[in-house]
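Have a look at this one before I ask anything.
Residue numbering begins at 1 within each chain, and the chains themselves are lettered A, B, C, D, E and F in the order written.
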Amino acid sequence: MSFEVGVLAYPAGSCLVSFGNTKVLCAASIEEGVPPFIEQEGEGWLTAEYAMLPASVPEGRKRRERDSRAVEIQRFIGRSLRAALDRTRLGPYTIVIDCDVLQADGGTRTAAISGGWVALYQALEKLAELHGVEGPEYFLAGQVAAVSVGIVEGQLVADLDFAHDLAAQVDMNVVMCDDRLVEVQGNGEKGAFTREELDAMLDLAAQEIGLIYEAQRAALGLA
Amino acid sequence: MSFEVGVLAYPAGSCLVSFGNTKVLCAASIEEGVPPFIEQEGEGWLTAEYAMLPASVPEGRKRRERDSRAVEIQRFIGRSLRAALDRTRLGPYTIVIDCDVLQADGGTRTAAISGGWVALYQALEKLAELHGVEGPEYFLAGQVAAVSVGIVEGQLVADLDFAHDLAAQVDMNVVMCDDRLVEVQGNGEKGAFTREELDAMLDLAAQEIGLIYEAQRAALGLA
Amino acid sequence: MSFEVGVLAYPAGSCLVSFGNTKVLCAASIEEGVPPFIEQEGEGWLTAEYAMLPASVPEGRKRRERDSRAVEIQRFIGRSLRAALDRTRLGPYTIVIDCDVLQADGGTRTAAISGGWVALYQALEKLAELHGVEGPEYFLAGQVAAVSVGIVEGQLVADLDFAHDLAAQVDMNVVMCDDRLVEVQGNGEKGAFTREELDAMLDLAAQEIGLIYEAQRAALGLA
Amino acid sequence: MSFEVGVLAYPAGSCLVSFGNTKVLCAASIEEGVPPFIEQEGEGWLTAEYAMLPASVPEGRKRRERDSRAVEIQRFIGRSLRAALDRTRLGPYTIVIDCDVLQADGGTRTAAISGGWVALYQALEKLAELHGVEGPEYFLAGQVAAVSVGIVEGQLVADLDFAHDLAAQVDMNVVMCDDRLVEVQGNGEKGAFTREELDAMLDLAAQEIGLIYEAQRAALGLA
Amino acid sequence: MSFEVGVLAYPAGSCLVSFGNTKVLCAASIEEGVPPFIEQEGEGWLTAEYAMLPASVPEGRKRRERDSRAVEIQRFIGRSLRAALDRTRLGPYTIVIDCDVLQADGGTRTAAISGGWVALYQALEKLAELHGVEGPEYFLAGQVAAVSVGIVEGQLVADLDFAHDLAAQVDMNVVMCDDRLVEVQGNGEKGAFTREELDAMLDLAAQEIGLIYEAQRAALGLA
Amino acid sequence: MSFEVGVLAYPAGSCLVSFGNTKVLCAASIEEGVPPFIEQEGEGWLTAEYAMLPASVPEGRKRRERDSRAVEIQRFIGRSLRAALDRTRLGPYTIVIDCDVLQADGGTRTAAISGGWVALYQALEKLAELHGVEGPEYFLAGQVAAVSVGIVEGQLVADLDFAHDLAAQVDMNVVMCDDRLVEVQGNGEKGAFTREELDAMLDLAAQEIGLIYEAQRAALGLA
């Protein structure tokens, strides 16, 4: 697991995140204005876009079209990262987090959220300078990271790679903001699961997310 | 909460489900063949489609276009109902569950899953006759129902209606198949939540789903 | 033939119309503003949308896409119902008539027009209250109903059902507003027809429309 | 009114038809195969496409997009010209009639039908040679022409041009095949009409169509 | 090679250009306003649209869809004709050049540019009257014409027709404005070419364009 | 200028090319089968896709939609790289070259062609192993590279960056295969150019391409 910051010259924040063979390029851009449905609230907004490069997948080239799965994933990323933000302090700006998967070996959406938070942090540094406030913490509601966990052949597994993903009876994405839960998405289409199994997956997820928090902070040079 | 079965003349199964003011018309059709990506497995398939009528919403007419939110919801319905099915026994058929929302007052997706299972059961009765097997149980992996729960102004609430939905800090959709979990989708974009809150929501969901199981069976004339 | 009024909670008017096995759910919504092409005229507007639920058809599930046939039908419905309206008195409002076919056994467009008029009448009642005018008659130019007639195996037939529809040499849709004609659409692709046959079809249509007028008024509780 | 035949080098038939200022270029192409929905019948097919060049309209350049009005018109042209054809004798071929409006001053759809029949006749000559049958009459069910009539300021008018079209209270398109009616499309959205007015419009249409029949035959060098 | 001017009644300029069997109908329309990306510059704009009629091609009917090749060609036509224009003098107008191919036997894009210049000249005459300036020369930066040249079986060829086009090892489109080059597009996918071959093609192109200049001026009645 | 090879794990070839601030990720994938229009020729095919990441541009985030400019560019890349290939020896395979712009500072299409050739070379190494032929040279028709040159404020310039690009009176893309020309695309919309200027631009392009050839070979470890 690694986070490389500042890899792109033009956007306000950027981060290349690697989780095993999975590599996602995250960029945070600041745009003026907010979408119409949020206008009256007087707050800012954050949205995400997610796409996979055609040559990113092991099983043969993927077509370049926007599929509904990508839209579902980017809504998930957007919701998760909005939880990191105090939108009432953002002003009339929209932060766009572009997550482009360069290489996909499972867990791309959780890598995107974790890397997206790093790019967002950088963008908030720029915004803080611009607005003359103390630092990015002014806009931040917390630190966000995500992990995928699952049950494969009866065993708990974190960070499912592509091979594990196919074999998983249950797979679950967990997003946390500091020590609270933001999203829990568990799916047992291939084998329903018990409350005990759910509890064990959530424990493992919390532990893994702790490690990701440390790596995010190290990459940003935070204590 | 009510389930009215056999409301349409042509599809193999149909059910008009009402949860408070929410009304969803569910139809189950049997089509020959399966999608290409499932062909080699020698199993059957189930897919769902979800749409809202323009005049179904309280806040003014909704445009008739297919939005990505509808696609996300119908994937959720499809995954949930596939958990009810032993696809290895289905043969080369696809069951399509059409869920059309006539009136929407919150919880349309969980109403659709609960009503969809009733329509599916009827369609499996037809399929059982056709194939000369004992009954729909031959194809069934379990009884599926769903409920939405949430935290509104610090209180646990089941069956969120539209007004509650907007005010909810956390909302969670829970799908069960018999006494196991199939999907858990909790989202705290407007206020992250603790493990204790998650546990309380899951307890409430299980209790509500027990009541829905009874209503489904009564509508189908099952013991 | 039956008209059930007020079946939906949210739109200004609604009507479930049944002609034999054909069932169409009609809803009338009032929206502020008019389309750009009508803006300068200072009048109101009425438009219609028509769609079939996938499970509404006898011959297997219909795909959910908007086809050009639906667009042609909804233009026909819109033109017909605009004839019922004194648009100069409507003010800057657009009335949208949504016609969703729940079950289709022939004659869905004429059922939609006849049921649409009932939903429109209800919506005009709401509009009259809102504007403090005497009643819906203030906005009405007349009562509109429609019927399909045809020649099947040399015999005149009214209210063609699906089986008759396929076998018809000539089929004709007739829309009237009070005792005048609004639309006459006769099509003899499978067998051109004579002036005498046209006259006989129009006589039959006028007679049937008289019966529909009575049923519409009864459903609305009018003398 | 004029019909100029053979104006294009490549298609099987072609005709430039002028009705006043209206000019439509009609081309008939013969393609192997028939659409899937007609395949089992063992007959041939005819379909039409209709489009307007952007610079064809008086009121400023028209955008090049395919609108639903064009689709409705081309279905009308297709139905009308199929009535001219004995499809059981055509064999597994589809004749495509392309109608491109070079200049539009009202009545483009009826001009397209009348000119389309001339292009069709030429294509059937080619097909007759190809199949070694006596002549185009082998495939023909009759001569087809069309005219638009209407009521403008209380007066009966034939061949409505653009100015008349806007002012018409009633406008009606009439298509005939020999001395029988194929399509009657009367529309009184701006003023419903009586049976007597309908009769007068049909009389006028029949008279005008007689003149068009003569011009079509002259252009093709028929007696 | 021929240029027939004024063939359409409504647009500001029009020209039917024939190069061998290739026939392109060019129309120039004047619209108020300019595209958003040019607004700040205070200049006018010129854009082109290019399409082929379905029956225009020798090898069987072409589908009516807008393909990316047409878009590439119309950008090429637009760039070429903008070189003919002093956009600083045009004012806030957009000139649209519609190029519709009636018959295609190679070289349609160069025919469209050459004919498009003639239609443009006519439109500028109208604009000059409107603005009370001396004549079209006020807006003109020069005379534009285009030709395609190539190497077929080792021989230099001008005005490639369809058969030559397929066999060409190299084909090159050359556009000139007076005695300068505007566009040079040479493509040797089927056989790369030398600098000497490039020089010979450019010499031939310049010579051919001289002849086209004369024909354009003759058609417009210029000395 | 640098070429980094093998940067992606899954495709057959990959190369990250940097020209100044411009960075393009090129991937070469081998797919079975060829497009329908090439099937009868018994040869292989090569096609390219080109896209820009939203955060790749200096002037603010670019929308993710496929525009016609991207399609024009990818056709240009495809044509250029097909000239490098002896398609008669390729067998029934399609090589897809994906060119994704990570950062754009001018000259992205020429960078993509030059980097695409490196990725292609690697893919041909894999194909040679697979087919048991001596090496990639078996399939290669030559070494391909591209450069953009132009005239900016009267001065010849190579490798136009974004600032130069906007200011250029003439810009020209030149593609060579060994010592022959493959594509010459010169465009003087903002200022037509003379034959002498064309000659000077071609001389400069040939010189720059020589340097790129050396860098490509060094990256691949070729003598």
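Quick note on the criterion: a contact is a pair of C-beta atoms (placed from the backbone, for glycine too) under 8 Å apart; a residue touches a chain by one contact, two chains touch by 3 or more.
All values derive from a computational prediction rather than experimental measurement.
Counting only chains that touch, the fewest steps needed to get from chain A to chain E is 2. Of all chains, the one whose CA centroid is most distant from that of chain E is B. Relative to chain C, the most remote chain by averaged C-alpha coordinates is F. Annotation: 51 Å between the Cα-based centres of chain B and chain F.
Taking the mean of the C-alpha atoms as each chain's centre, chain E and chain F sit 28 Å apart. Our note on geometry: chain B versus chain E, Cα centroid distance of 60 Å, whole angstroms. Residue numbers of chain B whose C-beta contacts span two or more other chains: none are found. In terms of inter-chain touching, the protein chains here make up one closed cycle, each touching precisely two others. Taken in ring order from chain E, whose neighbour in the chosen direction is chain F, the chains follow as E, F, A, B, C, D. Listing the residues of chain A that touch chain F in their complex gives 8-11, 14, 21, 25, 27, 29, 31, 49, 51, 53-58, 60-61, 64, 66, 96, 98, 100, 102-103. Those residues of chain A that touch chain B in the shared complex are 68, 71-72, 75, 79-80, 82-83, 142, 172, 176-178, 180-189, 192-195, 198, 202.
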